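Got a structure for you, written out below as structure tokens; questions coming shortly.
Chain IDs A, B and C follow the sequence of writing; residue 1 opens each chain.
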Amino acid sequence: MSRRRGIWWAAAIVLAALAVASIGLGSVHIAPAAVLSALAGAGDPGTVTIVRVLRLPRVAMAILLGAGLGMSGASLQGVMRNPLAEPYLLGVSGGAAVGAVIAVLVGAPAVLVPIAAFIGAVLAVAVAFFVAHATPGGGDVRVLLMAGVIVGAFANAAIMLLLANADPAAMRGALWWMMGSVAAATWAQNGWLAFYVLAGGALLVAWAREIDILTLGEDAAASLGLDADRASRRVYLMASLVAAATVAAAGLVGFVGLVVPHIARRMGASASRAVILGSALIGAALVVGSDLIARTALPPAELPLGAVTAVIGVPFFLIQLRRLR
Amino acid sequence: MIAFQGVSVRYADAPRDAAHDVTFTTERGRMTALVGPNGSGKSTLVRALLGRQKLTAGRITIDGAPLASLARAQVARRIAVVTQREELSFPTPVSDYVALGRFPHRGAWRSAGAEDRAAVARAVELSGIGPLLERSVDTLSGGEWQRARIARALAQGGEAMVLDEPTTYLDIAHEMEAFELLSRLVREGMAVLLVSHQLNLVARFADMLVLLHDGRVAASGIPDDVMRGAVLERVYGWPLVVTRDPAVGAPALVPLRGAPRRDSTLNPSSHIP
Amino acid sequence: MAAPAWRRRRPGVADILPRAMDVRLRLQLVYALPLIIILACAPNDARGVRAHGAVIDVDAFGDTLRGPAQPPQRIVSLNPTTTEIVFAIGAGARLVGRSHWDSFPDSARLVPDLGPALGPNIETVIAAHPDLVLLYASADDERAATRLHDAGIPVAALRIDRIEGFRTATRDIGALLGDSARAANVVDSVTRTLDRVRAATHDLPRPTVAMVTWQHPVIVIGGGSFINELIEVAGGHNVYADLASPSPTVSLEDLVRRDPDFLLASPKGRVNLERDPRWQAVRAVREHHVLVIDTTIVGRPSPVMGQAAASLAGLLHPGIQP
């Protein structure tokens, strides 16, 4: 990130501005002074709750979510040597969705839905790995990709079966979850999301140099003394784990992990460490901004966050696709 | 320095060994060339040296120490390998790319020290890529990219370098440049093992040739001993003659026109002593 | 019933519930999952009308409903509300099939369960040898309607969102069943009860309310729903009456801003709301003003609407005698 330091400071300032705007803006108009005193816990109890219980955890979750998805996507793109790789690739989204849908359909309390989603995501990644490694040439990235795609397809089929006879209200809840939202953020959720994003992100950053080596290909990695299979496997797993934690906390928020690493590279990051850290920053800004749009664009309704990130992300993605040709 | 001792490799479900009982040694200050037709087992041996392919028999040693007993990073600090193919998925500045060669010394954690910087600077100077450092690898020409890769291998600072067909896509000038660079490294005491299809060039530059055929060593020794028409014709399955290049005095292979004939009625090619 | 209004709006997946989804949410669904492709609309081609007799009405799919030559004796009703209406008219014994979701009145459970209401299994329906099928008017039932028509079975696709829609549907069903008189009685009875509740609460102060049907996302009853009408009849004012959708998704902050005096919720819903710290931002939750509705009567645009209004009035105005 040393190349163009200024641009990263600018990105950090944008993130900070978006975060401040998100705390200040919402359906309920609160004067800036009242926001400040509410942050300190003073003033009308309703206002304090809006600022401290509704908005603050929400902004925090958006930051963690964006950072996690950005780092996960950047790491996976590097280790898979594929600019189209993204965090949900190894069946994370499908598995998490199945877990969450089951939880919603059986009427589990809202707090259990993320846990079910997390278990589903981890199981899906485990199955994808197991399938890939039971196949001849299982170390191959492409086999792993295929395994992830197949697990995802199976999960989709399972969701269809589950929803085929579902109570419509529960179905609506399940679908809402699948479209992603940080509306229900709580500090408890943020706590464990922060654990996965910070710890997982730190490991990914620590492994960044190995990811650099892995982008050269497996033979070249071996020539530099790196066990490519082992190194890439742990990056897959950690990146998927971080993605699983974000999915459990906020549902499926597409395109962030796919698009953000490309923006980081356009901003001058080239070494994996810079791309991962830059993606954390830009991912956070993108999700905080998207959530601000999601909850203020169409009052009194709230748009699904995943829809907003997709609307923003797809044009970026198409531009990137043109560059690849 | 690197010794292959009775090395055999068989891929899963393959009817025969990809390499069978291969024995040869590379030395410091020598350029050894591994030659042979496609599928003769050259790349298999490089993969075995990288630890990417298990041996079914025999062993590879580095200065007498079995490869299997050495940590990968240890090996990488002593032997740099320029593999046949390497595709960067993302644009990277050449300077960052060359610095990756220090990975075996730095590992995942340590940041670059004076020693690392000196090794990179020397590699840049030797390979003459100084003017390219600020460019992105995806803007390099084939020749520039190959030099950058050799520079990365040089930055590893080992005593041996293995190159798998390093000049395949290069034009004459770049190819000669690469060979001159390698012979300079050899003169400075490095052991170079070169996998190549360019028989005539390696016959001029290499100190020793190892000719592989169907995974076995068909001939090995100094170029004059290996560059014999009868052997090469059998190995490559194409009529040819070996002459001595009038300009440089090295043995030179000339493939003949016409259908290949595998029987031995073909006119024995002349070998000029 | 205003047929053009029906035709303007294409029904969607969650229409099985009386509170139907709004267009925006349906778009979100399409975005979310390939399975929604199942909901792709069937071609609305011309179908032969096989029932004979006088024109009664035009159903939600634009088919003309005609009086039968003979009153149908084997009725399949794949819609909780129409099933309840058929029972109220006194024709429950003629039902030979219902959907999985039809559980009112209690005796409806004795009618064979033919499965889903949306995208019904045509073979199962035909195997019941019906001489009239009542369908829920949603896009995925349109195909079913076509195929049943093709099999020579009279079909009526009905959609009931508002109290007036209930009246029209009940009269239509009465005419189709050859018992318009009893249908009129049912309509009159409901209308009289609603009038009585309205009169009893008319002069009382009107508390503002919001009925919360889902916690995350926050789904409330909007102006497009019959429940909105029932709340007004019961002497309350729905803070979301201005939204056209029957069950809009709103943000929690918006609910805080609209600041209703009372929330209406199911028993389980109240427990969840009061347990969630985020909902403490809502004054009604802080002040323990979450009223628990009787979910066995509030929630269906059926002949129990009168009772539902009375029950809501009792919650909003304790002690009144409607």
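Quick notes on this one:
The rule we apply is simple: contacts are C-beta pairs under 8 Å (C-beta built on N, C-alpha and C of every residue); 3 or more make two chains touch, one makes a residue touch a chain.
Just so you know, these numbers come straight off a predicted model, no measurement behind them.
With chains as nodes and touching pairs as edges, the resulting graph is an open line. With A-B and A-C as the two chain pairs, more C-beta contacts join A-C.
When every chain is reduced to the mean of its C-alpha atoms, the one closest to the centre of the whole protein set is A. In this assembly, the C-alpha centroid of chain B lies 78 Å from the C-alpha centroid of chain C.
Centroid to centroid, with C-alpha atoms defining each point, chain A and chain B lie 44 Å apart. Centre-to-centre separation of chain A and chain C, using mean CA positions: 39 Å. Residues 26-28, 45-46, 49-50, 53-55, 107, 109-110, 156, 159-160, 163-165, 168-169, 171-173, 175-176, 178-179, 181, 183-184, 186, 295, 298-302, 304, 307, 310 of chain A are the ones that touch chain C when the two sit in their complex.
For chain A in complex with chain B, the touching residues are 77-78, 81-83, 136, 206-207, 209-210, 212-213, 215-220, 222-227, 265, 270-271, 275. Chain C contributes residues 13-14, 16-17, 21, 24-25, 28-29, 31-35, 100, 116, 213-219, 240, 243, 248-254, 256-258, 268, 272, 276-278, 280-283, 286 to its touches with chain A in the complex. On the side of chain B, the complex with chain A involves touching residues 12, 47, 50-52, 71-77, 79-93, 96, 100-101, 103-104, 106-109, 136, 153, 156, 162.
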